[in-house]
Amino acid sequence: MHRFANPARFQRIANAVLPWFAASTALLLALGLYFALFDSPADYQQGETVRIMYIHVPAAWMALFVYSFVAAASAAALIWRHPLADVAARSASPIGACFTFLALASGSLWGKPMWGAWWVWDARLTSVLILFFLYLGHIALLRAFDDPTRGARAAAILALAGFVNVPIVKFSVDWWNTLHQPASILRLGGPSIDPSMLLPLLLMALGFTTFFVVVLLLRMKTELLAARLRAAQFARLQPAAVAH
Amino acid sequence: MTAFLALVRRDLQLAMRQGSDAALVLIFYLLAVLLFPFGVGPESNILARISTGVLWVTALLAALLAIERLFVSEYEDGSLDQLALLPLPLSLVVLAKVLAHWLLTGLPLTLLAPFLAIALGMDEAGYPVLVLALALGTPTLSLIGGLGAALTLGARRGGALLALLVLPLYIPALIFGVAAVDASLSGLAATPHLAILAALLLAAIPLCPWATAAALRQALE
Amino acid sequence: MTAFLALVRRDLQLAMRQGSDAALVLIFYLLAVLLFPFGVGPESNILARISTGVLWVTALLAALLAIERLFVSEYEDGSLDQLALLPLPLSLVVLAKVLAHWLLTGLPLTLLAPFLAIALGMDEAGYPVLVLALALGTPTLSLIGGLGAALTLGARRGGALLALLVLPLYIPALIFGVAAVDASLSGLAATPHLAILAALLLAAIPLCPWATAAALRQALE
Amino acid sequence: MTLFAGHDLACRRGERLVFAGLSFGVAAGAALLLRGPNGSGKSSLLRCMAGLLAPIAGTQTWNDRPIALDADAHRGRLRYLGHQDAVKPALTVLENLALWQQLHGLRDDAAIGRALAGLGLGRLAGLPARLLSAGQRRRVALARLLASPAPLWLLDEPTTALDDDGIACFARMVADHRAAGGLVVLSSHGDPGVAGEVLALAEFASPPETES
Amino acid sequence: MTLFAGHDLACRRGERLVFAGLSFGVAAGAALLLRGPNGSGKSSLLRCMAGLLAPIAGTQTWNDRPIALDADAHRGRLRYLGHQDAVKPALTVLENLALWQQLHGLRDDAAIGRALAGLGLGRLAGLPARLLSAGQRRRVALARLLASPAPLWLLDEPTTALDDDGIACFARMVADHRAAGGLVVLSSHGDPGVAGEVLALAEFASPPETES
C-alpha cells in the first residue's frame, strides 16, 4: 500500500531540519575555506597548488558517497517499492554527477602542475570517468520513459549493477600502480597527513556533506510537488473510461 | 534444460531465416578494422603497435551494435509476454537468448580476429592469446549488453542510450583484454590478465541474467 | 513543400520528445572515441597518428547505429502505409526522413569531431578539413544507410543480404574522408578529396531516396 | 453514376492467387462492405484500392478514369486505415491528429476539435498515445479520418477493439460522411453498424489447387 | 468450489489507478467474461491474473492458496493470449506451434495436429506466418492453447479479426476445454460465442479524485 502513502510526513520533517543543515553548511564551508586558503601551510613540494586538494578530495569523496547513497536508495525502492526511495535516488544522482565533475575538473587542474598533463589514462582517473558516465546513464535512463515509475525502476537496476565500480575507484590506486597517490586519510592505520592540512580538509568534507543533504531535501520536495501536479493533470485528463 | 536448448535453437533458427544482423556485425568489424590502414598510413610498425587496441575496440563497438535489438522484436510482437510466462525462470530465458546471440556474433568475431590481426601486421606471437582473450571477453560483453538492452526496452531512445549505459561497463573487459595481448606480444605472461577476464565472465554469468530478468519484468508491467 | 517541412519537423519533434536523440548520439560518439586511448594506450604521438581513422570509424558506427531503425517503427505501427499514401512522392518522404536524421546525428557529430580531435591530440592543421570532410561525408552515410534500412525492412532474408551489399558503399566515403584529413595534416591539398566527397554526395542525393522509395514499396506489398 | 469502380481485378500475395475476376462499384454517398472468411483477401483488396498493392490484372477507375493514370491524385483523395493504427506513442492524441493534418497540407483546428468530440476522445486529447488502451488507440486512428477529410475512405476492420459506444460513434461518422457525398469501403467480420452493399470475397476466391 | 479467485484487487497503470476493490472467482469448468468500455482495464486485469502485472493491492488465490507463494507453478498452469499474437513471421505455422510446445517442455505432434485441425489451419501449416492474414495469424495464436494445454486460459479479445467460422472454432475449443474441467477468463466487446459469468469492469473504475 506504499503507493497510497502520502509523503506529507516527509515534507514536515524536511521543513524542520532544512534550516539547520543550511546554516551549518554555510558555517562549515566558510571556516573550511578560511583555513584552506589562508591558515594552512603551502606544501613543501607542491607549493600553493596543494590548496586544490581542499576542493578535490572532498568532491571525490562525495562522488563515491553519493553514488553509494543512490545505490542504497535504489535497492530500497526495488525491495520495498517505497516511493520516497525512488524520489531520493532520482534527486541524488544529478548532485552526485556534479561532485564527480568537480573532482574530475579539480583533479585535472591539479594534474597539470603535478604530472605535467591535464589527463592521463590511469586506473583511478579512468574509473572516476566511468563513475561520471554511470551518473549520466542513470539520469538519462530516468528520463527515457513516458511512465516515470518505469524509468525509476530501470534506473534503480542500473544503479545497483554499476555499484561494482565504486570499490574499483576506491582501491584502483592500490590494485594498479598509478600516478595518482594512494589513500592517506581514509585508510587502515590512521591518516598520514599533517594535522594542519587535515583540519580544513575535514571541515570542507563535512561542509560538502551537509550541502549535499540540503540540496537533496530541496530536490526531493520539488520532485514530490511535481508528482502531485502530474497526478492532478491525469485526474483531469484521464477519465475512468472513455464512455460518457 | 530441454526448454533452454529449444530456446537457443529457436533464436539461431530465427537468425538464419531472416539473415540476421550477425552478418552485419561481421561486415562492420571487417570494415572498421580495415579502415585503419587508411587512417594511419603504411608504416607497418605503427599499425602493428595499435593492432591490439583497434581489434578490441572495434570488437566492443560491433558487439554493442548487435545487442541492441536483442529483446525489441520479442517485446513488440508479444513474444516476451509468453517467454516471461514460461515455467522456467526468466533469467534462464535471458541466458539462452544471450548465448544464442553470442554464438551468432561474438564467436564469429573471435574467429575472424586473427585474420584481421594478420592484415594489421600484428606479431604472430599474439594470435593465440588474442583469440583466447576475445573468447573470454566477448561473452561478458554480450551479457552486459543484454542487461543494457533490457533496461532500454521500450525507452524513448534506444541505441545511443544503450551505448551510454553499456560502454562504460565494457571498459574493464577492454583494459584486461588489451593488457593480455600486449603482455604476450612483449613476451610477458598473459595468464594473470586472462584470469581476470575469466573472473569477470564468471561474475557476469550469474549476475547479468538475473538483473536482466528483473529489468524485463519491469518492462512488461 | 510545406508537407516536406512538416515531415522534417515531425521527425525532429519525435526525436526530441523521445529524449533528445542528438545529445545521446554525441555521448555515444564521445564514449566510442574515448575507448581508443584504453585500447591503444596513452602515448600521445600514436593516438595523434590514428586520430583521423578513429574519428571516421566511430562516425561510421554512430551513423550506422542510429540509421538502422529509421523505418522500422514506421513500418511496424502502420505509419509507413500512411506515409506512402501522402500526396507527395515517396522519395521526397524518404529524403525528409533522412534529412531529419542527419540533422539529429550527422550534424552534431560533425561539430563535435574537432573537440575529440583535441582529446586525441590531432594537429590543429587538420581541424577545418576534418569538419568539412565530415559535413560532406555524413549526409552520404545517412543516405546510404537509409537505403540499407529500407532493404532490411520486412525481415526477408534477401533484404538483409542486399543490405550487406549496401554497407560496403560506405567505404568510398570513408577512404576519401580520411584521405582529405591526412592530406591537410601532411600539408598537401585536401581539395581533390573533398571534391570527390562532394561528388559522392551529389550522386547520392537523387539516387538513394529513389532506390529507398522503391525498396519501401517492396516492403509494403 | 458510379464514382469508384474496379473491373475484374486479380491479386496475388506471395505465391498465392488470392482472388480473381473481382469487380466492384461504389457511388457517391454509398458504402461497400467487404465480407469473407479469414484469408479471403479483404485486406488485400483494400490495399489494391489504396494503390499500395498492384493487382496483377484488371483496372480501377475514378469517374471512369483509370486511377493508374494519376496515382498522386488518387492518393490525395483517399484515406486508408489498416489493421494497425499508425498512432505515434510518443505524441499526444492531439499532436497525432495535427501531424497527419499538416502532412496532408491542411491546418484546421476546428476539424480536429470535431474529430476528438466525434469519437469521445475529448478528455484524452492531452495524453501521450502510449498510455492509451487498444480501443482508445483505435479511436484516435478513426479520428484522423475526420481531422483530414477526403472523399474516399478505405477501412480495414475499423471497429476492432471498439466498445459499443465506440461503434456508435463510428456509425455516426460514416453516416455523416456519406450524407456529405463521401464513399466508404470497409471490411468487417462483426456488425460495423453500417448498412451498405455487400461484396462477398469468398465468391472470387481462387480454386484451392492454385494455393501455394 | 472456486478454483481461481481474486480478492479486492487494485491495479495502477502509469500514474492512473485503473480499478480498485475488484474481486472475482472462477470455478473448474466455468468461464468469466470481462466486459467494459475501452480503457476500463480488461487487459490490465488479465495481465494481473497472469502475474505479468503486480496489482498494488489485493490477493489472488488458486485453490485458496495465494498464487504469489508459488509463481512458477502459477505460470505453469496458465496460458495467456494478449492483443498481440506472438507469432514469429519467419517461422511456418507448424514451427510456431512446435516451438512453444517445446518451450513448455512438451513434445506431442498429435496435439499439434489436433490444434491445426481444430482451427482450420490444416492447409496453412507449411506457410511462413509472414504470409498470413490478420485472422489467420489470430487462429495460430489460439491454436497454441491447444498445442500446449494448461488448465487456466487468460484470453484478451481472442476473437479479434476472426470470421464467423473462426469464432465457431473458438467456441468449440472453449467448450471442450471447459468440459475437461478447464477455466477460461476472456475479455471481449462483441459476442465471443462463449456463455459464462460476466464481470463488468466499469463498476470498479476508480473515481477521479482517488487517482494518485
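We call the chains A, B, C, D and E, going by the order they appear; numbering starts again at 1 in every chain.
To be clear about the criterion, contacts are C-beta pairs under 8 Å (C-beta built on N, C-alpha and C of every residue); 3 or more make two chains touch, one makes a residue touch a chain.
Note that this is a predicted model, so its numbers are computed, not measured.
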Of all other chains, the one whose Cα centre sits farthest from chain D: A
Pair of chains ranked first by number of touching C-beta pairs: B-C
Centre-to-centre distance between chain E and chain D (centres being mean Cα positions), rounded to whole Å: 29
Chain centre separation in whole Å, for chain D relative to chain A (CA means): 56
Distance between chain centroids, defined by C-alpha means - chain A, chain E (Å): 47
Whole-Å gap separating chain C and chain D, where each centre is the average of the chain's CA atoms: 37
Two or more partner chains touched - positions in chain C: 17-19, 24, 27, 31, 38, 41, 76, 155
Shared-contact residues (touching 2 or more other chains) in chain E: 14, 16, 36-39, 83, 89-90
Two or more partner chains touched - positions in chain A: 126, 133, 136, 140, 144, 146-147, 236, 238-239, 242-243
Touch list for chain E against partner chain B, complex: 50-54, 72, 75-76, 78-80, 82-91, 95, 99-100, 102-105
Chain B residues touching chain A - in the complex, by the definition given at the top: 147, 151-152, 154-157, 161, 164-165, 167-169, 171-172, 175, 207-208, 211, 214-215, 218-219, 221
Of chain C, residues touching chain D in the complex: 2-3, 6-7, 10, 13-14, 17-18, 76-79, 81-87, 89, 220-221
Chain D to chain A touching residues, read off their complex: 89-90, 120-121, 123-128, 130-131, 135-136, 139, 163, 165-166
Parts of chain B lying in touch with chain C, wherever the complex brings them together: 17-21, 23-24, 27-28, 31-32, 35-36, 38-41, 46, 49-50, 52-54, 56-58, 60-61, 64-65, 68, 76, 155-161, 163-164, 167-168, 170-171, 174-175, 178, 182
